[in-house]
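These notes concern the structure reproduced below.
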Amino acid sequence: MADSPTAFERFVQGILPENPVYRQLLGLCPTLAVTNGMKPALTMACSVAFVLLCANIVISLIRNLLKPHLRIVVFTLTIATFVTIADRFLAAYLFQMSKTLGPYIPLIIVNCLIICRCEVCASKQSVFTAASDAIGQSIGFGLALSSIAAVREILGTGMFFGIRILPEAWPDWVIMVLPPGAFLTLGLLLGLVNWLGSIKSRRAS
Amino acid sequence: MITTTLAIAAGTMLVMAVVLSFILGWANKKFKVEIDPKIEAVIDILPGVNCGGCGYLGCSDYAVAIVTDNDPVNKCTVGGEACARGLADIMGVEVGEMVKLFAVVNCGAHTSDRLKTHEYRGEKRCASAHLVAGVQGCTFGCLGFGDCVRACHYDAMHIVDGLATVDFNNCIGCGACSKVCPRSIITITGFMADKIPTVTCSNKDKAKDAKAVCKTACVGCKACTKLSDLFSITNNLSTYDHAAYTEEHYETALKAIEKCPTNCIHFIGKSLGK
Amino acid sequence: MIYLLDLMLIALTAALINNFVLYYFVGICPFVGVSRKVEMAFGMGLAVTFVISIAAFISWSITTMVLIPGAPLSSFIAGFFLPEESAAAIDLTILSYIVYIFAIASSVQFVEMYVRKFFPQLYSSFGVFLPLITTNCAILFACLTIMSHVVGVENPQDAWDLGRAITLAFFGGIGFTIAIVIMSGIREELELCDIPEPFQDAAITLIIGGILAIAFMGFTGVDSGIREALIP
Amino acid sequence: MGLFKLKGFPGTGNFRHGIHPPYNKHLSDESKVEVMDTPETVTLPLLQHLGVPCKQIVKSGQMVRYGEMVGKGEAFVSASLHSPVAGKIKKNTVVTMPNGMHLPALSIQTQGEQISPQKLWDEIRSKHWPRDCISIYDPFTIVKVIHDSGIVGLGGAAFPTHVKVTPSDTRMIDTLMVNGCECEPYLTCDYRLMKEAPRAIVAGALLTARAVSAREIVICVEDNKPDAVKSLKQATEQTVIKIAVLKTKYPQGSEKQLIKSVIGLEIPLGGLPSDVGVAMSNVGTMATVARGIIKESPLTHRVISVSGRGIKYPKNLFVPIGISIAQVIDFCGGFTKDAARVIAGGPMMGFSFSDFNTPVTKGTSGINVLTHDEIKSDQETACIRCGRCVDACPMNLVPTRLALAARYNNPSIARQYHIHACFECGCCSYVCPAKINLVQLIRTGKKLAAAS
Amino acid sequence: MPDSNKILDTSLKSGLPDVKDNPEIHVAPSPHIREIKVNTQKMMIDVLIALTPVVIVSVYLFRIYAVKQLFICTASCLTAEYIFVRMRNRPLTLKDCSAGVTGIILALSLPGSAPWFVGVIASFVAMGIGKIIFGGLGMNIFNPAMVGRAFVMIAFAGLMGAGSYENITGLVDAVSGATPLSALKFSNTPALISHLFWGNTNGSIGETSSAACLIGGLFLVFRKTASWQIPVSILLTVLVLAGITDLAGTGSGLFLMHQLFGGSLMFGAFFIATDPVTSPLTSKGKLIFGFGTGLLIIIIRLFSGYPEGVMFAVLMMNAVTPLINRWTNPQPMGEA
Amino acid sequence: MKFLRNSNLAQAWLVLVLATFFGTALAGIQVKLSPVIEANKIRETMEKIPNLVLDASQASAIKTQDLIIQSRVIEVEKNGITKFYPVYDVQLKDGTLAGHVAKAKGQGYADKIEVLLGLDAKGSTITGLFILDQKETPGLGNRILEKPWRDQFVDKSSDAALVVVKSGTGQDNEIDGISGATISSRSVTNIVNTTIADIKPQLLPASKNENTKKLNGKIKEIE
């Protein structure tokens, strides 16, 4: 691979090859907590995308002013600010969703995914690259969240986005929308992704 | 009202920032603990997120492990490739070897070449079978239970007809296989050419005893040493000086291979295309 | 008496029934990352318990003293500029997230430096875990939970005092310790098991987490059961 | 625990855990010791004991007399080697011992006048071994003679005996325990020796006790050998020697367990019997010591049992060291049709082997040939953590952990569970329902732990 | 000295005497003899034998429902094991019968009225998530049958709850009403102790008859297939704790009897908690395990929202079993 | 000067600037958004109120703004602890008291359950029940959210305590439990019973209470 990936490569990498959840195991808490339905999962993914994008842009803008030993402080400050903004906007305009997500929106502050992207990409790259990296990673994160949420919501309630898609006779697997379901689904999907990955790499070699 | 709120909020933040940076700065000076400058340099390169993704207890723990235990530099997912490169620079971990290293199995006996073999009913691993007498007559040669195969992370070692066989396309010469072989018959060898000659035997017994246990054992007959002085015989076993090999030894090696009465000299190395 | 019972039930709930890791999914990163060895997990658990208690103290104090409307400190300062009534209405809760994260990060760092300098022995068994904790959402989560019981509660009686806040945090930390130590015990055992390749490490850890979560569901309702048993 | 006490001893006559395998001693315990004639050649590996190999001091082509030293044990933990025949040294060969060691060996072609083995055996069996007047032998001479006679423990480990009996300032010995438990199934050589030649054992024990200045002498026998107890009782009348009759249980004969049973003390981990003031020797060793000191003849012959259902006529034999096992087996009528596994030593701790040219060595206590029926074992499955191995392990270890740690190359777990305390008795493998080769894995693990 | 010169006639030049007699010598590590009375398969078959009284009672009480449940679970467990092991390319392990044991124990712990898919899902979860994912027989941390049961119990709480036990009433005349523990906990109506003991009460199909569980369980203990420490310590703990609670309450002993003979205590203590794979190795560890299980059972039964706690208690103790093993790592002889 | 340049504060100038800037920005957002959020919170309760005191047809005819809703807090002291019940008195436009709505909390199966309970003007009949917040098991306990089940409470008299039964015998004070969720059903019923018992004595003299606040005014102001 080239020394520093181009903006487009950054974008593509975030989606699958360096998927934040399945590949880098970053930000597992929200991944588990909010995936009992597609709606909260997507809301979370959008909030993360918003924060990540804003933070990446801001950091990239001020990247030349950063002092090495204070960079993490600046990252955290920036992230916390945007998280607060996202949180308040949700509370103001999507009140029910904000109630459902509860503390998991503010917990984005400590989501390593964002700080990781600031560190790896935004603090070193131009605004455009940083932004496309943010978008790529967010899409990857969103894909991960929605794959888990889809499994859990469909099996757990027979619905998708709250719309019934399985026949009424479907016995809801309540466990899927409860805490154990989150762990089991993520564990099994992670195994599946690893397995597919290993098949692919075996085929390649 | 609004301006006051704004002012107070800004003030609060400012005060907090000032107080905290002051305290921490003070503490940093006051509580300074001398550490290895190399570790410090490594800490500076690591992101400092302390996420634990590397499997260590935060960045400085990882830094210590890198410097003192020579642990791999590529474990930080947050820092990614750039970070690993920076760390490698500090550590001076260099990969550019002049000579390619490969594993060489110093045994050439496939199942049918081995004599006095007996059915073995025990743990099917070399390290264990090595402890039981009589699995096969030769006490030097490959047991073929593949401990080395399991140790290799690069899919470069396989058991072919009872004999451990290196896949030179995959082998990187890491030496994992040679560490686990209970019979110590795998050597990590520098290859001076794509293919080099070698004596695929480790049996140090006299000709009679060696012949009694293996069809392809080196019997120390000196046929090869007469042809090329890169062969030398110690303890009834011929060995080849790989480090001295150059292209011009090719012919003599080929002749030695022809002459060897037990067929235990071979050219090994990358198959050059099909 | 009733207060004590209340504390006890908060403790029980935080530690077992609504375990931080297994019910609220916070602190998953160390739960997956630092659970390979029992000693490590135990040290991590203790460090989290310690930090979470400090963080609870700090965040409770800051929230009640500075952030909420009518908090003594902020209304005192605002009192210089504004009439008393609007000074009391000044609401800084929007700063809470930033303030928490910085207060926690700094205090952890301070403690770490202090311990490292003056108690090197303690540092090697416990202090090394500290840096890992700052970015652990269990800590922030405890602060947020406490905040939700302090800010915007309708009945003044329901607002948590410092005792409840610290109980929740401390036993939340204990619950975290229980979960991570159990997990590390299991993972040590797994070193001698033949786990399918794709499931090794993170995936099997999560699946075990799922089974643990199932097991811990057995405690559902124990708090109200005990409450009923003790207050007929 | 007062209830369960061994009369006359501090111990209980029993130890924790252990197993009760089928002993099958009846196959050979009625056969008197027969004497084998001198073979045409003998092969003498230069390392027949635990420790440093002895140094060959004869040249090919040279003639040697009976009992002449052919290999000298120069190091302290080493033992000399003596020719059991008169003859001519041939070219050196190599042999692969049943325990896997690949060793250089002397080979001697029998030539000329031979000593009669029958006479040797009759000498040992005779009633004329002294019981008093031992004091004419000075302790230092005893130790020296033991050293010069190449005497090693005949109980299995073949540890040079002089090392055990050399007095030490730091470790005082007050009890000499003579190990006649013979807890291994099938083996009967010690039993026959105790029954047929108790006087030699007693003389050897008295001499050894003098060398180590032990006040007490205990001969330990399991309670499934009443005849041996009877003859020993007769032989020890009017001596200080006591006889401890112990519960029959494997591995009662192992020194740690035996000391626990009889004296109630535990040898510290990694320690020796001398740490608790005990010296222990096998009955056969005692007889050899007596012969070495009183008759001044070195260790050249020993009693072995050849047993198992895979042998036509199980026997106890008095054989020269170095005789090929093939000849021994032939002497006993050869194999039966369904013989399946040949073992040097007992079935619990012995080594199977396939090269029957291997010679009998000082440490060979028996040859067992088991049939397909006897070794039938089911398919191995994964460990089901039943804990039977834990309940069987006389060392109180967790064998399953040790074995799995070895299997998964995890030396740190192996050490955490004290892999080095295992003495490979085989109880765990014996009871394991999953039929895992625990002992072999543990042995592998020890190597692994030592290497890392 | 007539015989002093005699030298053994060595006609045997070849190493092997009479080679033709003995063609198949093989080599193996010590020890060369093994206990032939036990092996994994025999232990599992022991469990199956011990389960027969329980199966008979369940079939007698719940008729076709029991037969159906047993068939579904056993068949799906075997199928699941087959499929998953195949997916891993490992040698098939159906012969060791452990999948059968899991299937039967799982079936016996389900209500007879549970629909077919409950049994199927429970079996696949039991074998997949409970067993094969850990590496198969002997590697699992949690009792597979209980993992399967817990999964469906939570997934289909409505179908598996007390209500489902009542549905069956009227279909089978032998039993009626709610399960004894439910009835006692939620409506304070005790059952007849003799019914509890012999089994004509409602409940999961295998748990009703304490007598049958006792017979089978004692068989297991005497065969040493199951260790005695676990059932004894569980039962003792429950006896003591429930006894104290009883004395603190009415003192009539009714509560105690319900705790001991009602619900799945006997079944669990003898057949489930004793699963060697998921219980500690040492006897001290087993005693601790049993005590913990008993304690948790009582806590859950007394205070939680469930009338029964055997399953949860076993799963929780399974989880701490590695820690118990660590703490009870015996000191080798000579180390103490 | 040198001292200043090397001091921590000078090093951290970026942090200080950013902190100040972000603090100000956030406060601005707070000022802008907090009324909206407040309104959201109040509306959550307010929207339910008409349905809880009026029957369905009436409720749909009347707009929230047409009602005068006043809130107050009823304090009840029991066993030494004081309990607070927010109560909303609902008046029609013409000033007639339509009923009361009380907010109450209690332990459910898994966690606290929060309900709104509507009572008629005299407090003698239940006019409605709404579950505001619950964390019961989906598919089981959370079926208390279902309207048919909640509607069982409507028109029940507040004189006799309600009981949960498995199969009704037709008695007046009976509530059919949800099968598989008896505990949740019972919890809700208990909350209703205690609330009625606690606040009934203090319901009537409501309109003149001091801590009454006019709420719809506030909402209107926002909108």
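Labels A, B, C, D, E and F are assigned to the chains in the order they are written; within every chain, residues are numbered from 1.
Note that in this section contacts are C-beta pairs under 8 Å (C-beta built on N, C-alpha and C of every residue); 3 or more make two chains touch, one makes a residue touch a chain.
Note that the structure is predicted; figures quoted are calculated from it, not measured.
Any chain bridging chain A and chain E, meaning touching each of them, is among B, C, F; the list is complete.
The greatest centre-to-centre gap from chain F, using C-alpha centroids, is found for D.
The chain pair C-E and the chain pair C-D differ in C-beta contact count, and the higher one is C-E. The most distant chain from chain C, with centres taken as the mean of CA atoms, is D.
For the pair chain A and chain B, the distance between C-alpha centroids works out to 38 Å. Look at where the CA atoms of chain D average out and do the same for chain E: the two points lie 45 Å apart. Mean C-alpha positions place chain A and chain D at a centre distance of 69 Å. Averaged C-alpha coordinates put the centre of chain C at 28 Å from the centre of chain F. Across the assembly, chain E contributes 24-29, 129, 133, 135-136, 139, 151, 154, 157-158, 305, 325 as residues in contact with two or more other chains.
The residues of chain C that reach two or more other chains are 29, 91-92, 94-95, 98, 102, 135, 188, 194, 196, 199, 204, 207, 210-211, 214, 217, 220-221, 224, listed in rising order. For chain D, residues touching at least two other chains, in rising order: 351-355, 377, 382, 401, 407, 437, 440, 443. Contacting chain pairs (ordered by label): A-B, A-C, A-E, A-F, B-C, B-D, B-E, B-F, C-D, C-E, C-F, D-E, E-F. Across the complex, chain F meets chain B through its residues 7-9, 11-12, 15-16, 19-24, 26-28, 30-31. Interface residues of chain B, counted against chain E in their complex, comprise 118-123, 128, 131-135.
By the touch criterion given at the top, residues 116, 118, 121-123, 125, 127-128, 130-134, 137, 139-140, 180, 182, 205-206, 209 of chain B touch chain D in their complex. Those residues of chain C that touch chain F in the complex are listed here as 2, 18, 91-95, 98, 152, 154-158, 220-221, 223-224, 227. Against chain C, in their complex, chain E makes its touches with residues 88, 129-130, 132-136, 139, 141-142, 147, 150-151, 154, 296, 299-300, 302-306, 309, 311-313, 315-316, 318-320, 322-323, 325-326.
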